[in-house]
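Letters A, B, C and D mark the chains as written, and numbering starts fresh at 1 in each.
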Amino acid sequence: MGGEVVKAVGAAADLVVAAELGPDDPLSALTDAGVEVAVDFTHPDAVMANVRFCVENGVHAVVGTSGLDPARLGEIAGWLGDEPGTGVLFAPNFAIGAVLTMRFAELAAKYYDSAEVIELHHPRKADAPSGTAAHTAQLIARAREAAGVDAMPDATTQELDGARGAQVDGVRVHSLRIAGMIAHQEVVFGTEGETLTLRHDSLHRSSFMPGVLLGVRSVFDHPGLSVGLDKYLDL
Amino acid sequence: MGGEVVKAVGAAADLVVAAELGPDDPLSALTDAGVEVAVDFTHPDAVMANVRFCVENGVHAVVGTSGLDPARLGEIAGWLGDEPGTGVLFAPNFAIGAVLTMRFAELAAKYYDSAEVIELHHPRKADAPSGTAAHTAQLIARAREAAGVDAMPDATTQELDGARGAQVDGVRVHSLRIAGMIAHQEVVFGTEGETLTLRHDSLHRSSFMPGVLLGVRSVFDHPGLSVGLDKYLDL
Amino acid sequence: MGGEVVKAVGAAADLVVAAELGPDDPLSALTDAGVEVAVDFTHPDAVMANVRFCVENGVHAVVGTSGLDPARLGEIAGWLGDEPGTGVLFAPNFAIGAVLTMRFAELAAKYYDSAEVIELHHPRKADAPSGTAAHTAQLIARAREAAGVDAMPDATTQELDGARGAQVDGVRVHSLRIAGMIAHQEVVFGTEGETLTLRHDSLHRSSFMPGVLLGVRSVFDHPGLSVGLDKYLDL
Amino acid sequence: MGGEVVKAVGAAADLVVAAELGPDDPLSALTDAGVEVAVDFTHPDAVMANVRFCVENGVHAVVGTSGLDPARLGEIAGWLGDEPGTGVLFAPNFAIGAVLTMRFAELAAKYYDSAEVIELHHPRKADAPSGTAAHTAQLIARAREAAGVDAMPDATTQELDGARGAQVDGVRVHSLRIAGMIAHQEVVFGTEGETLTLRHDSLHRSSFMPGVLLGVRSVFDHPGLSVGLDKYLDL
């Protein structure tokens, strides 16, 4: 991912790659090069030290490394308390389409009687459902609950085990593993006489780059800690 | 449509059909029956007199009749100026999914390099593209312009006439006419490595009913004139 | 269904409705009216007597009534042994698109590493998966086995119960129950770098009629018992 | 493409890469290495000499190079007349899914009132519609004509220029150019109450490899000239 970021930033007319750091480079290379925003797609073992250095040196950070649980995010928020002008964006998914799909699903949820999630991935994936699909289901469930929507209609009395999918907070999620696919998700809503389908297709890991660039450009305007790219979108 | 509305209101636990008016019934039947909200799916020739009677008698109105151009809407707004507690909702499309699709398309537009609209209808339809597809294209064009997005990439140099569709404010729209279909629309967005597709399927004219009921329940809270069901949705 | 058939036959320029029989009419009304082909969408309790009368009187029969198990089909074949010129077509599904989808799935199966089935129905359906989806999965499994295709790749090690769907002869099937939907099926195939999706949408029960008419027109050319509309298609 | 082929053949347990030739290598390197099947993805200027050498030396050939028009194919067939045991396969498209989609479209065509083609490609493509989409439309048109199917229903009287797409032999074709997409095609059929959709997605140029390998393995069994990968499929 690091190489993809360097390529994407390099190709952007309004941005400059001030420094590229490998795992063995000292963090001081960032400040030596006058870096304004650091992008971190490294490793759960390295990310906390990297972010701490950035915050303490007034360098904004855009972070896509996994492993930032609530405890770690709380720690980062603590550091930022002393540096009110600095921004840190952590996003578990930088694909803008994935973020939009989740937000639109959340907005649509209360207007429909039924909602289910289908996700389709390459067959090398170890977990089912995907984290994004599970999170989407949770957002739908929360929005339905907040609006006091009735339980979904379902007259199934005879089910071959697993046919109706997994339940995440009462929302059914179906996982397909298909050779040739990358990462795809469909959210299906239905009510009297009509259905609405939101589909997101990631065809290449470069799909993260527009989101990363948006983060780099916008982190200046969002001091403090932001979790999720949706905080930077006008939705 | 009138019959469908009566059926839908009758089936709703929190609503009562106080009166059903045919074309020859006097409007006073509304006030005689103590109607609080009138639903008008009548005719362009009748709708203005109907709405005027409602406004003058403090009856809220939910209107799906076509033929309300800006001049007529201005007239209705004028009447409402004297009746500040009364609400009139006029919506060209009561299918919630169509309204959500348009709104989501508008929100997504500025994050994508490319956007095109496909609409699929039964082959008895006289116009192409559909009004909803043309309106969706306009919303996308306006959102892109407001955000200063570059023109869409397109290297086409050899085109069989019509292959690239019609242009509505620079957004390509494609119309299919397929036996067995009802009314369907797809908005396709794409950027580096990913695509987002919003699809709305109307399978039956009852698809308008959830939107009409939403209008009936919410018009009390929206005094004055509202144009478009999206004004009543939390988006 | 009877009424739909009468309407469809009546609207066909090359066919005539010679007789309409209700549950209390004598079967002799068929021969009295000179009926050449009888269409039976009746009841499991009535269908055997109806078909027997047809075969014994040289009336071709097109049957969509459920409840014809192998034993009953064997009995019908026995009757037809004495009437070599008469044809009986029994089809569990008269929607041409469903039949084509199954046949195409069977043909495609051996060229793909992965294949899964998604079916989407209205939420009043009692069984999951649908009979058509289960049958499609069986056809895929049989075609893969006949061609000696390897097991499908799937690295799933962590699964939320049900996420990967039900297994029908080793093919995963996923069932969605969505308000507003009628009967829809998708078969998804994938291999290195590409996917193939076959989708069938039934939007109205009239979808059975083209298949019934095809049966009525073609039964003359297929003496004996035929099971499945695919026997009458050029595939 | 050459590199992709070497990688794919190298990864196949039952095949061996006997020789890799670059543009400057002598063709005799093929016979020196005992090559049984040559795969040619070269250049219109080089392909005829390559194929001639193969045929004259009893080496089977699988050819994906463009520029083989009917005149050139006739010339190759002439050479093969003297070498009845040798096979040459020329295929304009090696993606199995594209070949299956075309064949299934051809088979389904006569059962539907309406048929239209949508193709979606990256925006660097110069021609619209794609060659595959135009060819699919021709196959549909020919199958409808052979079966004596009526003209498609279409009540359009008001059309914004281009909305209804391009016409290829009377079949409407719609071309979308979307950033992030690769090569995708949808064939939509409809009749009374139902629709059938065939969709093919090419997500990577490796999608050609299963078709190339199939060609390499099967060319032994198909002496003479074969045009189109469908000749090697059981359809």
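To be clear about the criterion, contacts are C-beta pairs under 8 Å (C-beta built on N, C-alpha and C of every residue); 3 or more make two chains touch, one makes a residue touch a chain.
Everything quoted here is computed from the prediction, not taken from an experiment.
Judged by contacting C-beta pairs, the busier of the interfaces A-B and A-C is A-C. Although chain B and chain C carry the same sequence, what matters here is overlap: shared residue numbers make up over half of all numbers found at their interface. Once the centre of each chain is set as its mean CA position, chain A and chain C turn out to be 44 Å apart. Our note on geometry: chain B versus chain C, Cα centroid distance of 39 Å, whole angstroms. Inter-chain centre distance (chain A to chain B, centres taken as mean C-alpha positions): 33 Å.
Annotation for chain C: residues 112, 180-181, 189, 191-195, 203-204, 207 touch two or more other chains. Of all residues in chain A, those touching chain B in their complex are 8, 95-97, 100-101, 104, 107-108, 110-112, 189, 191-210, 214, 233-235. Taken together, the chain A residues at the contact with chain C in this complex read 112-114, 116, 118, 120, 123-129, 134, 152-168, 172-181, 188-195.
Across the complex, chain D is touched by residues 180-182, 203-204, 207 of chain A.
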